[in-house]
Amino acid sequence: MGSSRLEAFSDGVIAIIITIMVLELKVPQGADFQSLWPLLPVFLSYVLSFVYLGIYWNNHHHMLQATERIDGRVLWANLHLLFWLSLIPFATGWMGENHFTAAPTALYGVVLLMAALAYVGLQHTIIARQGEGSLLAQAVGRDLKGNLSLLIYLIAVPLSFFHNGISQGLYVLVALMWLIPDRRIEKAIQPNR
Amino acid sequence: MGSSRLEAFSDGVIAIIITIMVLELKVPQGADFQSLWPLLPVFLSYVLSFVYLGIYWNNHHHMLQATERIDGRVLWANLHLLFWLSLIPFATGWMGENHFTAAPTALYGVVLLMAALAYVGLQHTIIARQGEGSLLAQAVGRDLKGNLSLLIYLIAVPLSFFHNGISQGLYVLVALMWLIPDRRIEKAIQPNR
Amino acid sequence: MGSSRLEAFSDGVIAIIITIMVLELKVPQGADFQSLWPLLPVFLSYVLSFVYLGIYWNNHHHMLQATERIDGRVLWANLHLLFWLSLIPFATGWMGENHFTAAPTALYGVVLLMAALAYVGLQHTIIARQGEGSLLAQAVGRDLKGNLSLLIYLIAVPLSFFHNGISQGLYVLVALMWLIPDRRIEKAIQPNR
Amino acid sequence: MGSSRLEAFSDGVIAIIITIMVLELKVPQGADFQSLWPLLPVFLSYVLSFVYLGIYWNNHHHMLQATERIDGRVLWANLHLLFWLSLIPFATGWMGENHFTAAPTALYGVVLLMAALAYVGLQHTIIARQGEGSLLAQAVGRDLKGNLSLLIYLIAVPLSFFHNGISQGLYVLVALMWLIPDRRIEKAIQPNR
């Protein structure tokens, strides 16, 4: 079974998630720039989540480029990832409307953590299907960046009850770390094409 | 006429249905975890419906893999299935917001039943088009799992007025029964590829 | 320029329009079946519009099957069709919430009329691009069904201010007339494939 | 890496943005045509934004037709464009609900300006990847129309605080200027196909 329909469906879901988030930016009553001011935290959390979803889409794209065949297990591991990504608009909205306070900041981190675990799970499922010598297995290697992200989320979530600013900073840090697309896979693929 | 555009359109509709359901999870006013508590039934019904839509997408994917050609009848049988699936967000929201009481639980079952009947109808339409000796006809066989699901829905709907907990349990049971993707088709396809 | 991306984009827009209409079915406050009763007109207008959008998707699908090459004019004629289709959820919601009274029934007919004109316009643009001897030109022929639909809409719109029930009946009639997919094109394509 | 999935994802996002805008057209309470009257500015701003998104989709389509290979930089430049386009529904709704007053008109222009800059950025990124002698580089040339658009936006934004009607006129002017699809690229492609 080829991966093209899996890609199309994932593209669809991620595209809708990204665009639904913008509905949290509710059109204000006033007609001057001051009335936009209260929307700033919602806007900032939108930008952060947009970047995160962009990263997931990019890495997902790269991962499936290196995937030859899929089966039922891969389909469900992929749906599991999409489930956690689908909760990002809710977590984003709650965090933005409460000006980055403790509990919403922690929940946002939990959703990011669960999405990251689901991504790792999807990666493992694909590699298990294709064998340890496969293109993807070589490209991912020990997955330092992936493991580091999990570690940072694990620190940021409890920290948000003490210094929620630092937790926000850590979320931004992970995003910056991944903004550079997964060159490991791009490099591994290059010689084969 | 090939089936790729039918797949793409169905993917789009199912992706949007899944993501629209998450809009029922309305961002709460409070900024603490207690304010998330009332959302729990809405969240649980979201998880159940997400799994159901995932099952439909997976099985639809497998079915169309085994489908060689489509015509106008197949297009409409497919739209009929999408119609009932499109009512799942409404039924999910009504059930979640009323904490799984009798009438919403029954309606949820009716929508699941109609979607299942529409799926069986689509299957019959495709097989009728391709002949009884086709790949899909062999893969589906007597469709025990499909018929059992219909039977369970038929029991669960009236039961929800007496013990709505049992009806919920039956809906979960059917979902678990299908979570294993349709290996029958996967097996039937395998040797041909 | 091939037509695959035009199809994909149109599929996306139509899929979203269909699914957005279901958001007009707002989850009622009560938990019994009586509280669903006031939603009946909204539901019925949803069913009618779902069928109409299904018809457009089906015919659009058939038309592009018979289309070999597209250009900028075709892209814009297609966007023009999508524009009028995008107003169907609004017209549907207004008609459903006002229990099929005069003005909303007339507006619904106007939107259907404009969408039908845009469809005819798209057809002309494609045929003009491909020449009168093309597959599509032969398949469409004198387009009796298309012209009859336009005529019925033209009668139904003013009539809705006198007998809105008849206008509704005429909208249902046109839908039934088209429910049979465009066999003309299917037939014209068959021998070539 | 081929560009088909980038196209599919961009199609999905643009299709959703276009359709989400229509949600700003809220179904009015009254059942007569007078109750539609207050929606006129929202409707007009919807039409303008629909045309703008159609232009972006058309030009994006043409640009990627002339693009042979993409990499991570192109993916991010594309996401950057989609980010600004995703803010169009918000800017449209704010402008429409405030009857084209100064600040919303200015913000609308800023979003258009940023989207235009992001489009130019994407164009540069693709050309940088493919070399100055590439098909796209030749087709774009000195990009007079692109630069003129940027200049007009830069004039229209501050002007909206003095004569917001002129700013609106300038936005319409740019749209009309682009309504003619990018024949430069179409011409440059033609001989190669």
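Note that the chains are named A, B, C and D in the order they appear, and that numbering of residues resets to 1 at the start of each chain.
Everything that follows uses one rule, which is that a contact is a pair of C-beta atoms (placed from the backbone, for glycine too) under 8 Å apart; a residue touches a chain by one contact, two chains touch by 3 or more.
Predicted model, so just to flag it, every value in this text is computed and none were measured.
Chemist: At the place where copies subunit B and subunit C touch, is the share of residue numbers found on both sides over half (same) or under half (different)?
Modeler: Both copies, subunit B as well as subunit C, present different residues to each other, with under half of the numbers appearing on both sides.
Chemist: Among the chains, which has its CA centre at the largest distance from subunit C's?
Modeler: The most remote chain is A.
Chemist: What's the rotation, in steps of 5°, that superposes subunit A's Cα atoms on subunit D?
Modeler: 90
Chemist: Taking the mean of the CA coordinates per chain, how far is subunit B from subunit C in Å?
Modeler: A distance of 26 Å separates the two centres.
Chemist: Just curious, how far off is subunit D from subunit B if you go by their C-alpha centres, in Å?
Modeler: Roughly 37 Å, centre to centre.
Chemist: Which positions in subunit C are in touch with at least two other chains?
Modeler: Residues 8, 12, 16, 23 of subunit C each touch two or more of the other chains.
Chemist: Give the list of subunit B residues in touch with subunit C in this complex.
Modeler: 1, 5, 8-9, 12-13, 16-17, 20, 23-24, 71-72, 75-76, 79, 82-83, 86-87, 89-90, 93-94, 97-98, 101-104, 107
Chemist: Quick check: in the complex, which residue numbers of subunit D touch subunit C?
Modeler: Interface residues on the subunit D side: 7-8, 11-12, 14-16, 18-19, 22-23, 25, 27-28, 31-33, 36, 47, 50, 54, 57-58, 61, 65, 179-183, 186, 189.
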